[in-house]
Amino acid sequence: QEPKTGGVINAVIQPEPPGLMLAMVQNGPVQMVSGNIFEGLLRYSPKLEPQPELAESWTVSEDAKTYTFKLKKGVTWHDGKPFTSADVLFSVEMLKQTHARARSNLMQVDKVEAPDDTTVVFTLKQPFGPFLGIFEVGSMPMVPKHLYDGTDWKTNAYNNAPIGTGPFMFKEWQKGSFIRLVKNPNYHEKGKPYLDEIYWQIIPDAAARSVAFETGKVDVLPGGSVENFDVPRLSKLKDTCVTGAGWEFFSPLAWLWLNNRQGPTANKKVRQAIMYAIDRDFAKDVIWNGLGKVATGPSASSIKFYTDDVPKYPYDPAKAKALLKEAGYNGEKVRLLPLAYGETWQRWGEAVKQNLQDVGMNIETISTDVAGGNQKISDWDYDIAFTYLYQYGDPALGVGRNYVSSAIAKGQVFNNVEGYSNPEIDKLFADGAVATPDSKRKEIYEKAQKILVEDVPVAWQLELQFPTITRCKVKDLITTAIGVNDGFKDAWLDK
Amino acid sequence: MKQFWTSMLRNPSGLIGLIILLLAIAVAVFGPLLFPNSPWRMVQRPFLPPFTLSTVPLGTDALGRDVFAGLIFGARVSLLVGLVSTLVALIVGVPIGAIAGYFGGKVDDALMRFTEFFQTIPSFALAIVLVAILQPSIYSIVASIAVVSWPPVARLVRGEVLSLRTREYVQAAIVTGQSHGWIIWREILPNALSPVIVLASLMVATAILLESSLSFLGLGDPNLISWGYMVGAGRTVIRQAWWITVFPGIAILISVLGLNLIGEGLNDALNPRLSREGR
Amino acid sequence: MMTAPPVVSIKNLRIALPKGAERPFAVDGVSLDLRPGKIVCVVGESGSGKSMCAHALMGLLPDTVDVASGEIQFEGRDLLKLDDDGWRDLRGRRLAMIFQEPMTALNPLMRIGDQMAEMFEAHDLLTPKQRRAKALSLAREVGLPDPERIVRAYPHQLSGGQRQRAMIAMALALEPAVLVADEPTTALDVTTQAQILKLIRNLQRNRNMAVMFITHDFGVVADIADQVVVLRHGKVVEEGPAAAVFTSPQHDYTKALLAAVPSMDPPTRAPLDDQLKAVEVIGLDKTYVTSGGWFRDDRKVDAAREVNFSILKGETLGLVGESGSGKSSVARLVMRLIEPDRGTVRIGETDLTSLAGKALRAERHRIQMIFQDPFASLNPRRKIGHIIADGPIAAGVAPKVAFDRARDLLGMVGLDAGALDRYPHEFSGGQRQRVGIARALALEPEIIVADEAVSALDVSVQAQVLRLLEDLKARLGLSMLFITHDLRVAAQICDRIAVMQRGAIVELKPTAQLFASPDHSYTRELLAAVPGRKERAPAA
Amino acid sequence: MLSFIAQRVVKGVIVLLAIVVLNFFLIRLAPGDPAIVMAGEAGASDQVFVKQLREKFGLDKPLPEQLLIYVKGVATLDLGFSFRQQAPVAKLIMERLPATLLLTLTAFAISLALGILFGTLAARFAGTWLDTSVTVFALIFYATPIFWVALMGILLFSVTVDWLPSFGYETVGGNYRGFAHVLDVAAHLIMPAMTLGLFFMATYTRMTRASMLEVKRLDFVKTARAKGLSDGVIQRRHVLRNALLPVVTLAGVHSGTLIGGAVITETVFAWPGIGRLMYDALLQRDYNLLLGVFVICSAMVLIFNLITDLVYRLVDPRIEFAA
């Protein structure tokens, strides 16, 4: 079908982004809105293959240590200034200070150079398998040097009216109400974007969001904007399309942090018992409405080098009880920290608590808001805690960080929070990141997965799926592995 | 006393309110004995509509838990929160009000500034912040409800004491050489009690509402089931499973209504002057 | 003088009280006539049904009571058969009323002038402008000072007497045929009362109105009545021309009432010069300061200025003066219920003003107080026994002993021992006042301060209580500070009298001397204003 | 009158200052650290990064110093900077304040108007079925949790019949101008304002009823009847005006509750007011913003109180502005 030009889309954004300057703040909603304004060097197909965006083409040296990007010509910022390699160099420097993930991704980079206006060369300290996977807009957005260089970034006026190279330009933000983006007439891909305007509606209450969709006030509900319980009902509305695509890059995986340092969960048998005690199919079918998959181990099935040839933990309360007995557990209190991300997660916490109580564990739920929960997790002050994390396509980016002992550090809510420490695993992940070719990496990672699943450092639960719900007239909304976060440049309305 | 009960029982609204409250208390006290299972237990398939299975007469919620059992156990928490937080508010508010009203002058001034200060901060907002800071638990909820509800008690008691203090029988107690504590306790407070009791009955109602609002915002005690929690938990699925929210909602409505009717009845029974002339 | 035909004639009126009231009929078969140019005084004790008669005549009976039978004839029709519109037309225009409490009978949120103008508005008379002009002239007619200002003032800006004048102006606005006045002067000072009585009398004569005047004060009756009707328990027990009722009362009840009115002739008393001083008050000063806040001037009232007096053992000192002159303040200062700004109160050798806390509490039993209001002075939630025994128990007497003594005291004040276990509301006003006396005596005080101790009681009860006090005082050798605004009472009970005006004692003399030859002009004014002085009730 | 206002303003400032100090410590007591919250949202965090953020926010300084800096700011009407939202707190609040004022004032007007109307009716027909039904009607709204009424309202008026919009302040992208815009906002306002207003209506209904019955017994009403005034005039001019005095006082005291109640209403109806801003700020530990909202809310309560006091003083001549 031939795309049609024109039209306005109303999408829901939740919660209200704290700002739109992607280089400074990077939570979900910011990415979703700013993915239209800013761009990265690359995009990724649903199969996680790199595709050109601001970089037209790229080459990798023999020793896999030098990556040369050729930038697209004729790209301009929204204010008309040209986009050049100087902007890339500046962005790398700035992101190292303001963007935690970019900072750790770029740790491998020895130096970045710009031989000319349209060429950028990254030289690595050592080969880094997943290096081509760090260039999408959320991980490394390009920032206009001419507006930020030499200013106090955090108070720069353009933070509130960001200037990017993307298909849409920032127009208006009524706090608490909506954010309005308009078409970039000078966009570097001719004919795109098709839409005239995007309204991001800010509706804080989940029930109100589904009503807004139902009554036709919004056309797009990005993943996670309504409670799962509502998805089946909304999908049945007429003229409504649902897709689970657009999460391949993130492949969110949910698990329970188990405190490996102290308390009952320091005992491997107890951790295994927890795996057996939890009815994960129930969670998938009832709490997530059948969306997603039961996780088999530390890696989501869409991630490179995934294997399901690992020990299995089916729902088996009897075995769980036996293991607990073996471990000598007798009723010590275990604190469970659910995730304060809304109803679904709360229900899930209740179900898990009930499962664990059924096998004789003494569970006390600790309730906190997001901030309080993060504090407790980062202080290692918990026994069991819910979380879900993105995997960023490659075990070296999103998996290893959760299990290697070098990633143990107080004061953070990600990485090795559980305090698992196994020299063998440390070595495997260290090798895996720099090994070539891929077949070698595969071998290493499969071994690591087996060891981890046997040890149960954390209790893996589900590969999550956040369906995007749209009116069927919205076409080609999701074309890449980061879905709605990659901007609406391909989307069009079938009127 | 006897007179009080007869006038209370003769008053239709007071009677209805009393019946409702007694029923609710009976449910809270004896209900859980009939339901030995935890209300959190997932007993049936989720979203089972009410009146389909006699074992779960009011249907099940999103996880397949018995709504009826939740209602029964919830009565305990909701009433407990209502009663205890009111009690705490009285324990704080009555002495402050009594001391301010009795001693007057600078003491009064200081205590009333203090009270005003608490009244200036929007109460629900303060309650939210307090619960969030103390971490949601039954104790923090009771404490923060009490913190936001004692100022009216203090003001009411102060007002009463202020006017009672100048009564001749109080002066008589002073001139017969009785101590301040005795005078406040024996001569003043018993006579200031009736408006306080009326206020207290309304405060219990307000506290139940407050608890439900906090639960609605996800600031309830995660280990205890309460009506507010049930409404909050069910609201996202209100479209496909109305019963999850409607039954606890009605439970809240009826108990709050009952308590208000009691308040009305108490008011009529304790301050007969007002109601006598219904013209 | 020919007797004119009555304008109003109440026949056999009977008003039923709701079930459970103390008696079935508030008013039981009352008949009386009102004639133009005549004042009919309705007298009787509290609760005898006086107000009910008045309200029935105005059609303002509360909903809870019903007219059971009878009729009220007025200008050829029976008022009791009127509908709401009929009443509305008559009220204000033909029938007008003045109430007892000038403080509360006016709407606090409306200007005086507007409230007067409402009288015309209610009957659709005149234009708004004329109404205002009329209000002004009415204000002038009832003798309100500075009428231009007064019509624009709000009720709280007027004194009690001024308010009552405004009420009268309102009642007279439409020249009604009948004026009903329900205890219009009871809440006022003697001096103000005298002025208002004179005003009513004059206006009524000029306009040839029929007046129904309700009072319980025989002095007032003696001053203004043409006709007297005596009510008791809702029934008329005696009726006749004023002179006849005063000189030859027929009914026993009337006789008793008249006998109970204290005389203005002080009885002769033995001098007490050789006694020691029981109380000595030196240079008491007290100024009430009502804080006006940070940016406002404080309001100051001098309640006591350089007050000096002493009371000898066994003596009764009277303290008289009009309302607000500072009598109660002096009493409270002497009792140390409030702190003096300056001055000393000495009881025997003890300086009470220098004590505080425990030490003060230990000395308190030596001086005790009897309060004015028999209702407000007893804690409604404590039994009589406790009320009396609490003081001794607090002073360290064993409870058993204290209760035994309380029983004796009840006997002494004329109540039986069963009263110990009952609550105050089960007693009449007179009985409660006896309980109050018993409480004061329980601590075996040397001095008793009685602040208006009999003012709230009906004359007959008042006489009994006064006798009781005299008797106890003599038996126990007490001294007494007796505060009253009623000079008749003071005349009967006091050895010496101090006259207070605006916080200062202006004259202090032995009673007989004060009545015979008052020195200060204010004392003279007070004496002159006592109602019923000329006619002099024939009493003991 | 001016000095009265001045006095109240000075008192208000002192109260506000106390609120600032108390809340400052209260909020800092809360577990949770804005730096960690933000770092977490960035998708990864390491200690260097968190430390940077803490320095940026000034959270590394000792508490008393932080307080001093804050109080100094407040004294110069500078409520600080919200690092999360990358904007001055005052600006963020001012963006939201009009919506909240519109909502609360409308709700206030609705509750007062309906409450007085129903209270008058109930008092007029006290003891009859009308009295009972009015009282029960008002009570039901009082006894039902606000969020519940809101949800039902949305179900009924937005979903079932689609008469009223269910969220927001105006039709986004509607580009209405002039009167059409006013109508649009009004349509959005009806449900939230009603929900909030109906809750408070019950209190005013009862208060008005009780107060009317009380005033009716007073002597001056008898005086008015003795004048031959018609019942309507007596009710309006004499009874109602006097009966409203305690209602006015109550209304002032209530303003704090009203603003608090707005948190839930604003959440359910996506009303872009400061109630929601506060709740979001709390969840994100946006200290400066949270404090700012508290200060502004308390200031609003103080202003409400001042206004009711002024109204009271204008209505009741017995209370004077100056001695």
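Letters A, B, C and D mark the chains in the order given here, with residues in each chain numbered from 1 onward.
As a convention for this text, a contact is a pair of C-beta atoms (placed from the backbone, for glycine too) under 8 Å apart; a residue touches a chain by one contact, two chains touch by 3 or more.
For reference, the UniProt names are B, D = ABC transporter permease; C = ABC transporter ATP-binding protein.
Keep in mind the model is a prediction, meaning the values are calculated, not measured.
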Which chains does chain C share as contact partners with chain D?
B
At the largest C-alpha centroid distance from chain D we find chain C
Taking each chain's centre as the mean of its CA atoms, chain A sits from chain B at a distance in Å of 45
On a C-alpha centroid basis, what's the spacing between chain A and chain D, in Å?
39
Using CA atom averages as chain centres, what separation in Å is found between chain B and chain D?
22
Going by the touch rule set out above, which residues of chain B reach two or more other chains?
132, 135, 235, 238-239, 277, 279
Taking each residue of chain A in turn, which ones touch at least two of the other chains?
207, 340, 368-369, 372
Residues in chain C with touches to at least two other chains are numbered none
Mind listing each pair of touching chains for me?
A-B, A-D, B-C, B-D, C-D
Footprint of chain A on chain D - complex, ascending
30-34, 36-47, 49-50, 52, 56, 81, 83-87, 92, 95-96, 99, 151, 154, 158-159, 162, 165-170, 172-173, 267-273, 276-277, 280, 282-285
So, in the complex, the side of chain B touching chain A is made of residues 38, 40-42, 46, 62-64, 132, 135-137, 218-223, 233, 235-240
Using the touch definition up top, name the residues of chain D that touch chain C in the complex.
3-4, 6-7, 10, 218-220, 222-231, 233, 237-238, 241-242, 315-318, 322-323
Which residues of chain B touch chain D once you look at their complex with the stated criterion?
113, 116-117, 119-130, 132-133, 135, 152, 205, 209, 212-213, 216-217, 228, 231-232, 235, 238-239, 245, 249, 252-254, 256-257, 260-261, 264, 274-275, 277-279
Looking at the complex, which residues from chain A come into contact with chain D?
8, 10, 15-16, 18-19, 21, 24-28, 97, 99-101, 103-104, 138, 154-155, 159-160, 174-178, 180, 197, 199, 201-205, 207-208, 211-212, 214-215, 217, 340, 368-376, 378, 390, 401, 409-415
